[in-house]
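In the part that follows, the structures are each spelled out as structure tokens.
Same chain, two partners: chain A is paired with chain B first, then with chain C.
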Partner chain A sequence: MEKKGKKDRRDFINTCFRFAAGASLVGVTGVLAHKTISGNTLWQIDTTKCTQCGRCATSCVVTPSAVKCIHVYDMCGYCDLCGGYLRPNVKNITTGAENQLCPTGAIKRKYIEDPFFEYEIIEDLCIGCGKCVKGCGAFGNGSLQLQVSHDICVNCNQCAIARDCPSDAFSRVPADEPYKFSGFKKEKKG
Partner chain B sequence: MDTKFSNKTVNLPLWRGVAIVAGVFAILICAMVIVNYLQINKVDPVNTEVINTLVERLNENPKDVQLREQIREMDLLVRKAFFTNQWEVRTGAYLLLLSIIVMIIALQVMRMGKKNLPSVDEEYSQNIITYQQNARKWVSIGGSVLILVTLFLAFVTYKDLGTRFTDAAKIAKAETVASEVKAAPEVKQETPKSVVAKKNEVEKIEEVKASEPEAKKETKTEVLEKPVETEAVASVNKYKGEYPTKAMMANFPSFRGPGGNGIGYQKNVPTEWDGASGKNIKWKVTPELHAYNSPVIWGDKLFLSGADANKKQVYCYNRNSGKLLWTADINNVAGSVASPEVTPDTGHAASSVSTDGTFIFAIFSNGDLIALDMKGKAVWSKNLGVPDNHYGHSSSLVVFEDKLIVQYDHKKSGKVMALSTKTGDEVWRTDRKVKVSWASPVVVKNGDRAEVILASDPCVASYDAQTGEELWKLDCITGEVGPSVAYANGIVFALNEYASLVAIKTGDKPEVLWEAYDYLSDVPSPVATDKYLFVVTSYGLVACYDALSGELYWEHEFDNGFYASPILVDEKIYLMDRAGTMHIFKADKVFVSVATSKLGEKSDSTPAFADGHIYIRAGKNLYCIGK
Partner chain C sequence: MSKKHTNIFLLTLAVVIAISIFVSWLRYDPVQDFTTSVPGLDNRPKAGNEAVDEVNIGENFKFYIEHTSNLTGKWTQFRGGEFDNISKGKIKLVDKIGPKPKIMWQHDLGEGHAAPVVYNGKVYLLDYDEVKKADALRCFSLESGEEIWKRSYKVHVKRNHGMSRTIPAINDKYLVSMGPRCHVMCVNPESGDFLWGLDLVKEYQSEIPFWYTGQCPTIDNNVAIIAPGGRALLIGIDCETGKVLWETPNPNGWKMSHSSVMPMVLDGKRMWVYAAVGGICGISAEGNDLGQMLWKTKDFSPSVVAPSPLIFGDGKIFMTAGYGAGGALFQVKKIGQNYQVETLQKYKPKDGMASEQQTPIIYNGRMFTILPKDAGAMRNQFVCADPDDCKKILWTSGKTDRFGLGPYLIADGKFFILKDNGELTIARASTEKFELLDKVKLIDGHDAWGPMVITDGRLLMRDSKHMLCIDLRAN
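Right after this comes the complex of A and B.
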């Protein structure tokens, strides 16, 4: 005679498997939900770490590089003698090729009023070499900065530039805050 | 079967033609894309050396309209070539894709057009079991091979993994070396022999130049095996000795002379020579390996180093005859690793060697540091860890008494340290929160202190040469600091391009005496007297300031730029320009040119001086100027 309420072995194993399957399902759902909530991440440059070594221009899998110079106008001094636009030691401040620092002529200089000039980056021409960024950072306010342009970046799992970056300036950032440039606006927001 | 499609007749020759044309087109496009890609890599707009050279020439000759036009044309050409090639590669890729799609469609249509009945392979049906076994076997083998290849590629390409292994190896080696050094009575046994040799060397020099108190000093340092710390503690911060010593002043023991302060104490230094005619060129030799460092001198011997990515050497020449006395190959340095990537204009041996008349010390781009005796035999060596420096390490070495001062400011950590000249053991070390620096340490006696003064973003800082204690620090310099400081009369002068020129009144509370922004340097260091400061720029302008007030006395533009630092000798400034012309002018309130002598070979190295002679590293050669 069987005792009421006592499970046999087969039932017990059956129940265990059911619990295990249920737990796995919940776990997988949880992981997926977490991933969905936390969102995707993107590669970006920390401008405070960047040393403008020039490897962004050569290491990126995209040609020309997905790294571009951006201009934070808030910070710009609109200088006539712009360290980001002109080669060091220029004799005449003109837009002649012999005076321009940018190897691809990707910076447009526009007269505003004496003695101020506006500098605009032509993204299609910029190759991300960072020469202008270095010049601006050393002599000016540091308004020219290198950033990964996300409409060009293919978001590799292992970013080739991040691997070659000598100052570990590359890191993954949340997709809802894809840029990491420094500037007055950014600081106010923060 | 009676389907609509199967009843259609397919024009097989037409589709075959389409497939062939598309295939050939794809191959051609593919070849063109590859050629274009290679061309893109060649036409690198970031490194247009030709244009840069032309711009340099234009700087020297700003009124050359033709040259300016040539630069503009070439600039346009290079940019056009670069961007056109990029467009071609992009368009080519699309065309390639299109042609492959067309080819696949054509092949598919051809396949469907052939009405072949499926045939049953009798042999296959008979050997189905063997066939399946074979299939399983080859799937397993193929899978294993793929896994192995993947693991191999992951191992080879994963840089961090490689670095971890190297680091682990380094630590392991360093530990063994440390234990070897501790348990090294045999090495000490050898020391007396080398001391005898050293004594002989010293005595020879003493005969010619040094005075008696110096000889006492030398013997004192020989006796001192371990008294460094005790003496430092006893005398606290007060330094009673003389620095630079008379022996140092009689020689030229390090980059920019004794203590690295840009001052030579030699007499009868020649002012006129000519490389083309050979006038006053006493000898000329070619060291095996090129480098941008400067020669140093002790007694009759001249030392310099050379290196490439695979080889490191230190050379010793007889400075009177130019005869190569020995070459020391730097191998078997404990913990040594492969040379890091450096820029060509820095090289693997940008740091000049230094000597104290007993040993010669040399440092290389991978952090290998070695001490050699006067016969070229290694006394001790160690690896300081590869400096994380994107151009390459270039801070030169300088000796203070029995300590070798090493400035090691790189990205991961900044530090200055003093190593025992005899054993290489660390006597003191001070960590620094600074960025990478390419400047060299300057050691001076400032009042009753011996100070090591360093320049690096963001500060100019001074350390007690005996204990390493930070004496003072002033945040006043930014950027990639190349020029070393100059010191005179209690004032330190520091500058960097895109930053400013700062005169700092030293002391426990340092203060900025004056600042200037007009003439700044990124490579050559300044030089100072009690009254004047001379600033040299890499674009060819030299300026003289009043050392106390900062008043600009004069400025003079030369035809060529400068990378070599000026040296003050015999009340004259010797300044080598990049084209190989030495400009000699009076260290005075007004610009008075004494002489201009051409060597005829490009030079970026600071010359070394001896009584009646100048030694210049130019091009791949080493020259002795004198009679």
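Right after this comes the complex of A and C.
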């Protein structure tokens, strides 16, 4: 004899399918709504994780790399003996090529007043090797930092540098906050 | 036109085109857009064009209060009376400071890294007065922190990773200081009376090092020992009169570094060891050859030298520097009437003991330091090594206890290590392992690089803008 109120198997499966369909609809709507609210995302480097391994220069699908050195002027000590500009242990502190750390001469140095010098990154020449960033971090205030330049980055679904990055420093960031450099002002510096 | 003429025309045309292409190829300069990186592109002015301002050393004096003290503790110069950075006080110090440090007093200072000396209850510090733009030699009471007197002189110093960065030298009768722009001043430590002054740039053509000088003077038998670089590598000045008693010639033009002159005794012979920008040398400190160079080496000559030579006592000297220089171990030997120096070890910072600013400590047959930022996986760790093999690190403070460019010293069998942000770590002074006792944030500061002093149970420490006195007495 059939018990009163007990569902048969057919009703149970129907109910399950209805719930699943409803949950899927809500889920898809939620994801779309979240994407609409949060907008697009872009690849960026977390400067606190970056170890300046040099792979940004070679792994990027764009040539030269979309990763560039930026200069956070607020943090710069404007040193004459700049660890980001000069090779370690240089004997003469001049703009001579033999004294420069950057392999492409992408850092321009300008006298301000004794004993301060200003350093400017020439983005077209920068290949994102990070040598200057390493030097600045080791001996200076760390005002030179590597960042993905969104003017150049093609925003691949799977970033080739992120895949090769040994310190997991690449992540997606909201498009309305595209840079992650350390410093006092959160705006991109030339 | 006949076929023959057509062929001649086409041939001529081909030759002309070929010649044109060849000439164009010859004339094309593939590197025409290149710019050459040559010295002078930064528009640095030529040396000697700077305006020289007149400095009247010791011109101003202010006396605030009378002061007497029963305290007898002494920290008479950079690294203390025996140049070893070990406090010899007998007072038992706390193992743990706890959450509420006993801050006895605190003073605002000009930005910098200058540190004090202490003599019989008085604290002496060469500060920089940013408002009056003056080097200011200030005397405080160790017990109360009250300012007793101040002697100052106007000198323009720009902010450049701090302004002040030296430690005076003191004995019963004399107090000698050196300002950031190489102005040497000698005063009476009791009264603050001005005795004499010397401008090393003017008198010795000294070149002020990057970020101003960090060299700390020393006093030996009432003779002030200073390393000007420039016209003389080392000089001895009579503290009574200010008269220069002897000068060491500087034929190689070695320059002043941030390093300070350290004493060494080898086979009974006293000498001064100085690490200049250019090389390291030993200079006779006594006898008929007083002031003469006994030995020198150019085997370790980075462009910036901040730590001072570490003397091991058996003729071995350890030298280190930052900015990728690493470390080097030398052996000085007397052979016949001459001295010879041999390089035993020389290596990069990731391969052994190295330091960027502070001078390592020798204690119980072991050497201790904080490795610099470019020391690889052990960067910024407090480490111990055997002085016979500076490349062999015996133990480290580990990944969780990293430090910066701050100072460290030994007192009452404990290491006191200060981090850049004002956090003080106390660890057992063990040669076996890093044994953490306490870690406490004493000040919410930055660039706490000035050397510390512990005497009479009190710790004197600073960050870039403040000096604190903390009671460390256990009872």
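Methods note: the second predicted complex is superposed on the first by the 154 of 190 C-alpha atoms of A that agree within 3 Å, B and C clash if a C-alpha of one lies under 4 Å from a C-alpha of the other, contacts with A are read in each partner's own complex, and residues count from 1 in each chain.
Just so it is clear, a contact is a pair of C-beta atoms (placed from the backbone, for glycine too) under 8 Å apart; a residue touches a chain by one contact, two chains touch by 3 or more.
Treat the numbers as computed from the prediction; the structure is a model and nothing was measured.
Asks: Touch check for A:Ile70: first (chain B), second (chain C), both, or neither?
Replies: In the superposed model, A:Ile70 contacts neither chain B nor chain C.
Asks: Would you check which partner chain A:Asn89 touches, where first means chain B only, second means chain C only, and both and neither mean what they say?
Replies: both
Asks: Figure out whether A:Asp114 sits in contact with chain B (first) or chain C (second), or with both, or with neither.
Replies: second
Asks: I'd like to know which partner A:Gly105 touches here: chain B for first, chain C for second, both or neither.
Replies: After superposition on chain A, A:Gly105 lies in contact with both partners, chain B and chain C.
Asks: For A:Ala138, is the partner it touches chain B (first), chain C (second), both, or none of the two (neither)?
Replies: Touch status of A:Ala138: both partners.
Asks: In the overlaid three-chain picture, which partner chain does A:Ala57 touch, first (chain B) or second (chain C), both, or neither?
Replies: A:Ala57 sits against chain B, while chain C stays out of touch.
Asks: State whether A:Ser167 touches chain B only (first), chain C only (second), both chains, or neither.
Replies: In the superposition, A:Ser167 contacts chain B only.
Asks: Could you say whether A:Cys126 touches chain B, chain C, both of them, or neither, answering first, second, both or neither?
Replies: neither
Asks: Which partner does A:Cys159 contact after superposing on A: first (chain B), second (chain C), both, neither?
Replies: So A:Cys159 meets neither chain B nor chain C here.
Asks: Show me the chain A residues, by the header's touch rule, that chain B contacts in one structure and chain C contacts in the other.
Replies: The overlap between the chain B and chain C interfaces on chain A comprises residues 83, 88-89, 91-92, 96-97, 100, 105, 138-139.
Asks: Enumerate the contact residues on chain A facing chain C in the complex.
Replies: Within the complex, chain A touches chain C at residues 77, 79-81, 83, 88-97, 100, 105, 108-111, 114-117, 137-139.
Asks: How about chain C: which of its residues touch chain A in the complex?
Replies: 35-45, 50, 158, 160-161, 210-211, 302-304, 322-325, 372-374
Asks: Touching residues of chain A toward chain B in the complex: what are they?
Replies: 51, 53-54, 57-58, 63-64, 83, 87-89, 91-92, 96-98, 100, 103-105, 125, 127, 129, 131, 135, 138-139, 163, 166-167
Asks: Would you pull the chain B residues touching chain A in the complex into a rising list?
Replies: Touching chain A: residues 40, 45-46, 48, 51, 54-55, 58-59, 62, 68, 71-72, 75-76, 79, 82-83, 86, 89, 159, 388, 390, 411, 478-480, 497-499, 522, 537-539 of chain B.
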